[in-house]
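Alright, structures below, take your time with them.
Next come two complexes, and both contain subunit A; in the first it sits with subunit B, in the second with subunit C.
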Partner chain A sequence: MALSKSEDNMDNMKPTLQHTLEEFKDCADILHRTLPETGIDMVFFEHLVGSDQFTRDVAIPFMDANGDDVKRLLNRSQYEEMNTNKPFIKAILEGAVAIFHNDRSYVVYVSKPEARSIQQSETEAIITGPHDSFNEVAEINMSLIRRRVKSSHLKSILLEVGEVTKTRVYVLYLDDLANMEYVNELQSRIEKIEIDSVLDGNMLVQYIDDFPNSIFPLIPTTERVDAAVSRLVAGRIIVVVDGSPSVISAPASFFEFFSSPDDYYQRWMLGTATRLLRFIAFIITVTFTAMYVSVTTFHYEMIPEDLLLTLTESRSRVPFPPIYEALLLEATIELLREAGARLPTKIGQTIGIVGGIVIGQAAVQAGLTSNILIIAVASSAIASFVIPSYVMSASIRLIRFGLIILASVLGNLGLMMGIVMVIIHLAGLTSLKASYLTPIAPMNVKDWRDVFIRSPFAWLKERPSMSKSPNMRRNKMKQ
Partner chain B sequence: MIPLRKKALLLQLFAALLVLSGCGDEKILERLGFIHTAGYELVPAENSGEPDKLRVTIAVPKADPEGKIKRETMTAVVATSKEARIELSRQTELSLVSGQLRSTLFGAALARKGIGEHIDTFVRDPAISQRVKITVVNGNVQHLLNKRYAEHPRPGQYIDRMLDKEAEAMMIPNVTLYDFTRDYYDDGIDAVAPIIREKGKDITIDGIALFQGDRYVARIDPDDSLIFAILRQNFKRGEMSINLNSLGYGKEKLLFSSMVSSRKIKVNRGENGGLSVQIRMLVKGSVLEYVGDLKIGEEEDRHKLEKRIAEYLTSNAQKMIDAMQRHKADSIGIGKHVRNSMSYTEWKSTNWDELYPNIEVRCSTEVVIKNFGKFM
Partner chain C sequence: MAKEKLYPFHVTILTYMTQTGVVMLSLPRILAENFGYNGWMALIGLSGIAALNIFIISLVYRLGKGKSIFQIMEMSLPKFVLYPLYSFIACIWAVTGCIVAKNYVSIFQMISFNTTHVMLLKIMVDILVYFLVIKGIYNISKALTSFYWVTSWMYLILFFYFKDFEWARMTPFFFSGETHFVEGSMSVFTSFIGYELSLLLFPYVEKGKKFMRAVQIGNLLTTLTYIIICFICFGFYSFEQLKLMVYPMLDLLSYIKLPFIERIDNLLFAFFLFTTVSTIAMYIWASQEIVKRMIPKAKVKVIVILIIMAVFFIAWIPDTIPEIGEWLQYLGYTDTVIAFGLPLMLIAILLVNKRARQ
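Presenting the complex of A and B:
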């Protein structure tokens, strides 16, 4: 958006009442109050300013004041004098009260913006551990992080994204732990974004990641404060976007999407077991239905003798080939899931009953699907919800469909081809120019103790290699 | 990102996948007839001029949601086993596949003639597992598979599981396609196979068939099968009932159980180059049941009993080996030990088949009774 010269001049002019009112012409919600005794004009947006606080702190003092009092009042530190038009207008838009007095103009912030209270995250709920999560106000989110990291090393860069929305974006890092190359790269990427609006962290991610056309999310977002802080401490960079509870952390590896904060709040053996369970769930969700299709279409040899007849019996009622049967049921599950996600909890229960009983039971009795397929599809759907990152679990579900089709065409060969293609694709991806498959490619076995398993803390003495942190040891203080 | 040419190639590949999807050798489960058991037997030609024919019977388990039909058997009388598949598929709506084959049965007459070519066919077919069982049937194979056993709706499965279970107890050797071909093609050992036959409303184990090459030459009685097992291999689980009557010790009977047996074959060379073979067997076990005069709670008597059992085992083993030598069937693999005792050139110049019946084989047994129960 190129600015014309006259507008440009306007931006640098001294703010005046007339010009301000001109700027906000046709805004029904702008308020203009005049106090004739003291020659004061106030301009502000009614609903951005807390009215109680405005009356108490601004309106009453000025109404009661005479000429000298006004000067004294305006010298107080909260009244900020503005000499150029542009920041002045911006301040009004951010909820400040503009005060004009004797050709001089001031702004005063009388109220914090309204925000949702700090609640538990619904998408990333855990059982033990801190329950607070980010909300939509960047400043509150910043305060949540600062409260946890009491260090002067926690640096922040304020950027603005969105030509229209002017969304505030904070880039946070610990300057003794984060690699500055990543910081600079991330900052320059955010600065290069040209778009009218950014409404969510997950949306911002797609403007800054290395492969926007990949099906996999390359930069994770989290609503959990503890998760964000743990990444910060691991030497990653955190980005807080105003208006979004999703906080970005970069760079990240594929495997990071499979770890959850409560891995660290439980005993290490349990943490390890749940983490392994998630990787198994990943394999199940990607391959189970495809396996069913390939086995029933091509590889009858693979079926154990005792299962063979039950499988054949349930298949023999179904009029479609396995591929249509599987796609039908997978699509139904996706419908159920999508419907359940949009509906309030009370109606959501109905969906569960309709889906579970009507579709599960009746479809088998009606001879539309075999009951073994129901098991396969249901277990892979459940497995997909085990993956803690919602974005990743959605991506994985989509990959499944490709594999099912490949399996129906070429059997296990097709399934294998599909898996190999996914692995090749994964190996080519990068997150902020760091390899996405770290620590497998490049291989770093040391990192495995905090990737595939959750080792006891005594073993976790180094930061992950992906951070390329200048300070790799985590327990330097005691040495 | 992706170069245009590469993109086009990918597109072509994808299109090919979609278009060609019907062309693969699809084997959709419910349209298949899985041959579970295949039986082969000889049908003597009626006119003496014609060659003998082969009767092939297959058992296909069926999954019929409504019906009570549990299986289907089909029979074809053909000249070669390859023809059978065509002939059999004319009789069914399912496409017959052999990837789930579990066991093959050979009629005794066919086995006596040689089953090498059939084994060869199985090995050649990649769909057929190496773990397919090979069994000889004493009697009519078609009848055995066709018969309706009231208590066993699927005779194929019944036979397969019975053989599995019996092999575990060492009553018969576990003979799969792998074992059979290994022994068949190996120099110093001959293959064996279990024998089954119909018995009233059931099927029963009828001993062990000893092969010479691919021909069935001799049979071991089921009562002696454990002695054969002791001679053939080391094992850790077995049970046998011993009747010491035959040795002249009065009416002494016992059940020897939890047997752990190991055997060593030693090849000695005489001064004039002649070979003699010494088989030493060590059998440990517990006495579950004993009827006789000895007090096996007492050490002296127990040793006496051990001696008697050893004597019983030795004499029966010796008889068995004599019979095997007579039939030129080296079923316990003495040849392998002889081969290992000499150089390659020497072995090559030895005609083992000729030599085997004439060498001296001596058996000795040591028996240890590990325990004998509480109140005796």
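Presenting the complex of A and C:
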């Protein structure tokens, strides 16, 4: 916000009661209390202050005090004397009580943020493992992390983003495990943001990532404490944004979006199988419907004779070319998904019935789509939900539409052209200047043990190469 | 953060992906036509010649202490000699790239899109190449490495042919029947061409001996792939049949049958797009590097788009697949001359300079 010259001067002046009240003029929720017997004035927002704590620690001591007691009280370390206006006003906005006494001004923090209780994450549900997740208060989130990482090496940098909202942002890293180049880069990117408000971690990510125009998310966010901590220990940097349950971790590779904390809480073979399943799901999501369109438009010869009969039978009643049929159904599925996401759970069930029975069954009976397409579209939709990161799965679903259109124009060649284009795009991406396709390119076979499969813990001896950690060794376990 | 360098593994993949391509499809026939029975063995000797050529390139790298070839040439050649030479090499490489593209799309048009104009398909491929080349060599290498992994599973297809492979077709006769050794060697050798682009990689690689070894390994990987495919073709088809097939490998692919899918030759051929785009991108990139050296102020994007557009019109000239084949043949010969001639010339310059300094 541009400040006028006089406002700028006021910022550096000594705080006074008059100016403070002037500043908060027309704020109906500001409270001004006077204790005439001790000459004390207090200014604060009642709803930002914990009332019990205020009464116990501030109101009662000052009410009982006489002239000398007041001086002694104000000398206590929790009362911070302020000499300039700007931080003084900011402190009041953050929930401090401002105290004026004999031309001097103090603040004392008795704030108590309103917070949702710690609950399970709805977007990243897991079966086994810790169920707590972050909530909207940065300090609570910090406490959740600190409680899990009892190390003095866990450092935090406090930054502020949003010129109006002044959102607190903490950058966390383990100082002997994280690469300081990444820390500095991330810090400078956050400092450079010039915007009135940042309301969520996923929003902050878009201001700091390397390619804001890419369809792929380059920096993951998580609501799960264990996931955030595991990334911290892997040498990544964590960013906690006040007001958002989504915690950012950077840098990250494309393949990280396919792993879930669950993988580590199961036996390694199961973890590996699940992880491979997700990559297969990725291929199905991207190619299934496009393959259907390609085969039914250009390459009927690819279908074996027995299957061909079934396919032609189900296609025979459909009056449209495969591309319309496919887009119609894909769009319907997307509508259902979006409607399901926005509606309350109780009504959400209706969507399942309407979508599953009415649209699915009726569309086939009415001759608008073929059975086999429904299977293709449904399985690729289900496969897309297997991908643990919601943001990534949404990106992949969008790419699918491009591939379907290309397949309808040039068949298998078009499909392959689409895939080539996606890979070319991916190859150019970086996350915090580290290659997005690590460990495929640059190639690092050691990393594969924790990317494509989930090896036994005894094999996971090193931190991922992408972290460029000064301390690569993580596990001294013998085989 | 430190500028990324090409690691040896990437150089291997770059070499392999540049060398291999659609030529694989017709290679078994060319071998059968020119080298007679057990013609696949000729690949070993030809690969040896390619390895020798790579060794010559490695001498340039060693003598020049990693200096780029432009720096070496500009040390002693005047501009009026250099610029025509640069232009010639840039043209040949750019045209090679674009004819490779035309060859690929023409075959695809033949098998699947008989009514689509071939140049329309080519425009699509060119767009992909443009987006790849403008990203610079480091990102090209990352993309090519990913391409390699996307296509590497295709080796598994080879297991399909175990059942119908007959050792009896591997006769005890070597190189007998009607043979054309010189002509055959020349045309088969063009399928190894592509490693010469490593000359341009000098400034982008990690310094050390590993770089040239990586190129050699890339060449070996290509050789191995060719040998396996040709060996299977020689054991799968009878010798006379092999001589009559235009694209024996394409027929090999169409033989695969799974319960839910068959005739996947056009799908698998679509996978060849990965290696084809790699080859084209590398040649266009090489050409771009030279043009950039001649006009340092020009923007890379502009150079690439101009090169692609210029050669697009050249690609219009050859019309039929045999014609394209002929073009590829002659371009291959010229590339071979460049592949041997350029490093030899560079060595000569380096030696003369060294002596002059002493």
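Keep in mind that, in the parts below, the second predicted complex is superposed on the first by the 470 of 479 C-alpha atoms of A that agree within 3 Å, B and C clash if a C-alpha of one lies under 4 Å from a C-alpha of the other, contacts with A are read in each partner's own complex, and residues count from 1 in each chain.
Throughout what follows, a residue touches a chain if its C-beta (ideal position, glycine included) is under 8 Å from a C-beta of that chain, and two chains touch if they have at least 3 such contacts.
What you see is a predicted model; the values in this text were computed from it and never measured.
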item	value
Superposition on subunit A - do subunit B and subunit C clash or fit	fit
First (subunit B), second (subunit C), both or neither touched by A:I424	second
Contacts of A:M443 with subunit B and subunit C, given as first, second, both or neither	second
Which of subunit B and subunit C A:L199 touches, first, second, both or neither	neither
Spatial angle subunit C-subunit A-subunit B, Cα centroids [nearest 10 degrees]	40
Partner chain(s) touched by A:G411 [first = subunit B, second = subunit C, both, neither]	both
First, second, both or neither for A:I382, with subunit B first and subunit C second	neither
Touching partner for A:E301 - first (subunit B), second (subunit C), both, neither	both
Subunit B versus subunit C as contact partner of A:C27, first or second or both or neither	neither
Lowest inter-chain C-alpha distance for subunit C and subunit B in the superposed arrangement, angstrom	5
Common interface residues of subunit A - those touching subunit B in one complex and subunit C in the other	298-299, 301, 303, 410-411, 414
Interfacial residue positions of subunit A with respect to subunit C in the complex	181, 185, 298-299, 301-304, 307, 410-417, 419-421, 423-428, 433, 435, 437, 440-443
Subunit A residues touching subunit B - in the complex, by the definition given at the top	213, 296-301, 303, 305, 308-313, 315-318, 321-322, 406, 408-411, 414
Interface residues, subunit B side, partner subunit A - complex	1, 17-18, 20-21, 24-30, 32, 34, 61, 63-65, 97, 99-100, 102, 127, 129, 157
In the complex, subunit C residues that touch subunit A	1, 4, 7, 9-10, 108, 112-113, 116, 121, 124-125, 128, 131-132, 135, 139-143, 145-147, 149-150, 257, 259-264, 266-267, 270-271, 273-274, 277
